[in-house]
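As structure tokens, here come the structures.
In the two assemblies presented below, chain A is common to both, partnered first by chain B and then by chain C.
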Partner chain A sequence: MTINVDRPCGTFDSNYYQAMEIFRTPLRKFLMIAFIVLLYAIAFILDDYIISILIVFCAFSIGMTGLQIITGYAGQISLGHAAFMGVGMYTMAVFQEHLGFNFWFALPLAGLVPMIIGMLFGVPAVRIKGLYLAFASLAAHFVIVYAINNWRSVTNGTDGMYLHRPGVLLGIDFMIDKYYYILVLTVTVIMIYFAKNLSRTRLGRAFVAVRDNDIAAEVMGINIAHTKVLAFGIGCFYAGIAGAVGGGYYEYVNVEWFTLTDSIWYLGFLVVGGLGSIFGAIAGAVVWKSLDELSTLVTPITEALLGGMAFYASAAFSLVIYSLIVIVVLVLEPRGINHRWQIIKRSYRLHPFPY
Partner chain B sequence: MAVDTRDIVKKREQRYSYGLTLLRDCIEETRDLPNEEDFFKKNVLRVEDITISFGGLNALSDVNLELREGELLAIIGPNGAGKTTLLNVISGFYKAQKGDVYFQDTKITNYSSHKIAEMGICRTFQNIALYTGLSVIDNIIAGRHPHIKYNFLNGMLYFPWARREEARQRAIAEDIVDFLEMEQVRNTTVGMLSYGLRKRAELGRALALEPRILLLDEPMAGMNLDEKEDIARFIVDIHEFLRIPIVMIEHDMGVVMDIADRIAVLDFGLKIGDGTPEEISKNQKVVSAYLGKAGEQ
Partner chain C sequence: MEDLLKSIMLGLASGGIYALVAVSYVIIYKSTRIFAFSQAGMLVIGAYTFWQCLVVWSLPIWISILITLAIAAAIAIIIERVSMRPLIGQPILAPIVVTLGVMLFLRGIALLFWHGEVEGYGEAFLPLGVWHVGFLSLPKIQVYGFIICMLVIALLISFYKYTRTGLGMRVVHEDHLVAQNLGINVKRIFQYSWIFSCAVAVIGGMLLGNIQGVGLDLDANGLIAIAAVLFGGLESFGGAVIAGLAIGIIQIFAIQYLGALLPGEITMLVPFVFLLLILLIKPYGLFGLVRIERL
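Now for the complex of A and B:
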């Protein structure tokens, strides 16, 4: 008999509400709140460079959570996720520039427009799956990039567009990076909380059902066409929001920012983080973007070592290190960082005993 | 006959005051349980002239079958006789080339699988088809999908009413877990469970759908005697307490002869026998299908 160790010794649920909690012990709840408070607090301590990294972490965590919903929960591969992030950025820019929306009104729209487009590109998933779906979803990337490049009257083509952060609200000036970081962090916390709720309620279970056994899911009363399309919709909503808040930091968006390679790294680092958990998505995003920063840090070193070759070497460095990390994780821990984390938590709970 | 059944139902109600009562209340909220007067008289499911072939292989040819209220129908037959194909046709997974399926006089031949499931025709699978990544309790709650009444936005925002609904669904699922005696493993991922427990979990998931008809595809395959007895007990309890007519494919003749009210025999896609266990055991065609020419005397 396998005994499940999903909570520390001595904690019992006495009603169904407790069984459904995200944090089953007060300590865990406290630690999470403390962690979030810490994330807010460091905005006032750190310099703008670190803040910029944290904003990128946050934005990509949202985006990765979206991909987690599509790929990790619903089991549908999407190779156009970076492009949907781009749609989010462009939606923001277009609504601000052409229609005069401010940031707050454009933000939900920057989620909804990619959501609709994502649902459209999710329709093939109803019929095909696996590798075939991966190829079908490639179409999303090329169609979106083509549309942005050529729909000049709206998107400015390859010149890119400007988008604006919110101005002063409640006495907070979001033009200052640390306040903008607080805004992005708030959005991230809310989005991740929603994703967590999604995963523990009706649709989340339907997603996992479709992932694990779509034939059984259909026979068990789940409309899989509906569910798959919704998975794409919600995942792309997340991508759009991620793009909008990330683009808001740079206040500029260019079609060259979201490449097919990015979409593929999205998937790769989702696997590194661990499929099928929100924590895995965040871990994947953080690892990915940390490596990004790492490769910038080592550039001066490569420059010193290689001289004139340094430009090419450092460009290659990030690719090599990304691939290496993905391969190493696939070999050593195919279920990702999340699984390793679960093992650590488990052994902590059982501490004096091995199991 | 009907009087007998009523007595049994009453007895069961007294004995099993804990298991399945919540599920039964939940079913009774939306529809009445079948009357005992209708037992063995009224048709709930009718399969008419079903023909289906895969390439040159006739999986089913002109099969007629009906399931009556309050009946436990066993389908038996050698391997490859078309038993599972018949269940697949009923649950809308295969489309028959000829013939129709009627559920309470509604033609459901062309309905999609999930629609049929929502109408109350629920099934289990021969080779277990659970959602391997979910725990037992989540599998059962996932089975309640069509009965959960909030949309995904309410779920995402986790409004109080969605939370209450979740708790209600969990209570019903826990009731099923209690009934199936799986309390210790309720939070275990089903991928880690033993074969017998997985089969049980699958039965639980089918129950969670509030079935009007239950189709069981070899619920006891590959089990030892203890586990078989457990499953047989569950099936009989479900049958009597929830008054669900059951179609069961099973190879274990002992079990079939003991618990089935009626047996249908398939062989090479043809129905070669249909009757009470006594009739079937004397049916010359059935005996020769199982034992070959040696059986004919």
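Now for the complex of A and C:
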């Protein structure tokens, strides 16, 4: 993953630093910057509905990138990612409500608190590989949901809590959705840049080594326990930030927003997007949330067709269709959308020749 | 003393079903090395199918049981054939995500057909009422449920022990390659394992539906049984049974004695905190195999 084997035409690496660059060619760098500028620019063109979808895309891209670090880079399985996202939201809300922090100071804390909690839950699982982190994070899900439901003095129980967006800063009023979108996009770009960069660092390579063969990694002097716990912690940090910026958009958070089902979709759509690459994580998040948006769009139609049964029907259909998508993609294309994208890119690059 | 005995009896009654569900996980894990989360969904499907046959269509009880088991076997074959067999040899993540997907798929199917309403068998399945033994009052459904669970488990273990197919399955538990070399059809064994496991899960679902009401929330019991599987060790039937009973008793004790200290509903919390403790203290469980790997 670190060293990209598919070189663009005419690029020759003469040292390791070139091989490990984030942007392999000036054209790629330019295209990426142009794409990000475009994402900023469309904030001023689109209406609030599309903006709301884009904010959700951004927030879940951050969360999915976190899961990519846990699962795609370090090879651990987390079944509590949605819960950690919830911890981020609640951290934001609690620090704002009870301690009077503003958004800017609460945001890093909304990452750090889930990170610490995640690392605590990760500790029991480091001794064995494979399934066991999945069990530990499953337990984490139930413990977190129980704590939020019942620690009423802090979390307000099942009633939910209110969050606040940042107020006016440098003359920008973040209460307006498009400016809040710009804030979320900035956070997303920074977080994804760090995730991309992580794969080039010593720690990122340690993650990949642990994923590929943990005994071999240990022989090479990597402390497996530290690496696994840290991977889980960093992933939960991302989940927390994702929850904080996403919850900030709705300015409200409720414990029913993050269920075990959401955690499973997180994992499932990560695989749909493609394991081990940031593009895959973003693609997975976008596909997942587009499907969500699609299912709310077709709700009027199902209501017209089914009448009172529409609520069950739409809930059941989303369960059935999402799980079918996940299963079919895993069986037919286990490497996900990312792999398809690589194939398209390669065939474009090599155009007149088949390979 | 009376309270203690009562709690133990109640714990055993719910623990028997946890043991049964735990066994259904172990059947698949032992032969295919896959942890089939989908069995939590099978509980719901089993309970609802049985309710459909027994109450809605008012079929006789034996035919209802047979239909439910047949549907369980059909679902098992489909799951194994369509989604699990192409994933043989894939890294561990792929089968886990697929079984999780199947779990939600089954939940979605149940929601689609039965709209998530909580139903009950009434008097159609097991006799209602209470037995009084000394100072203990034992609800009949729980006693019968416990006996049925133990019978099914005993039947299963004797199948493994005394039949030729069971012998083949035990060989597959040891090593897939060796089994293949001995002329055992490993894929067929995988299929059998899924069928047995789903049948066991469906029986668990019927019994749970009788006690807790037929509803979508039954799959929570499947998740609690995960704690039992882990406590017993992923590879051990005996361990699963002992651990299932233990989880049931621990749960009741915790509700009895800690319920006053902790606010809210702690039925889900207790097994999972226990699971974390197991992972900390004895991660391979009571009777699990400690795998030593080489480079």
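What we mean here is this: the second predicted complex is superposed on the first by the 345 of 355 C-alpha atoms of A that agree within 3 Å, B and C clash if a C-alpha of one lies under 4 Å from a C-alpha of the other, contacts with A are read in each partner's own complex, and residues count from 1 in each chain.
Operating definition for what follows: contacts are C-beta pairs under 8 Å (C-beta built on N, C-alpha and C of every residue); 3 or more make two chains touch, one makes a residue touch a chain.
Computed from a predicted structure; not experimentally measured.
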Superposed partners chain B and chain C on chain A - clash or fit: fit
Partner chain in contact with A:P124 - chain B first, chain C second, else both or neither: second
Which of chain B and chain C A:I116 touches, first, second, both or neither: neither
Partner chain(s) touched by A:L203 [first = chain B, second = chain C, both, neither]: first
Dominant toucher of chain A (residue count), chain B or chain C: C
Partner chain(s) touched by A:I343 [first = chain B, second = chain C, both, neither]: neither
Partner chain in contact with A:M32 - chain B first, chain C second, else both or neither: neither
Chain B versus chain C as contact partner of A:Y16, first or second or both or neither: first
Touched partner set for A:I215, first chain B, second chain C, both or neither: both
Where the C-alpha centre of chain A sits as vertex, the angle toward chain B and chain C in the overlay (nearest 10 degrees): 80
Nearest Cα pair across chain B and chain C, whole Å: 6
Set of chain A residues, in rising order, touched by both chain B and chain C: 213, 215-216, 219
Of all residues in chain C, those that touch chain A in their complex: 35, 82-83, 86-87, 90, 92-94, 96-98, 100-105, 107-109, 111-112, 115-116, 223, 226-227, 230, 262-266, 268-269, 272-273, 275-276, 279-280, 283-284, 293-295
Chain A to chain C touching residues, read off their complex: 71, 75, 77, 79, 121, 123-125, 127-128, 130-132, 134-136, 138-139, 142-143, 146, 149-150, 152, 213, 215-216, 219, 260-261, 264, 267-268, 271, 275, 309, 312-313, 315-320, 322-324, 326-327, 330-331, 334
Interfacial residue positions of chain A with respect to chain B in the complex: 1-4, 6, 15-17, 19-20, 194-195, 197-198, 200-206, 208-209, 211-213, 215-224, 230, 234, 276
Complex contacts: residues of chain B adjacent to chain A: 91-93, 112-114, 117-118, 122-123, 125, 129-135, 138, 141-143, 145-146, 148, 150, 152, 155-158, 162-163, 166-167, 170-171, 174, 184-185, 187-189, 192-193, 205-206, 209
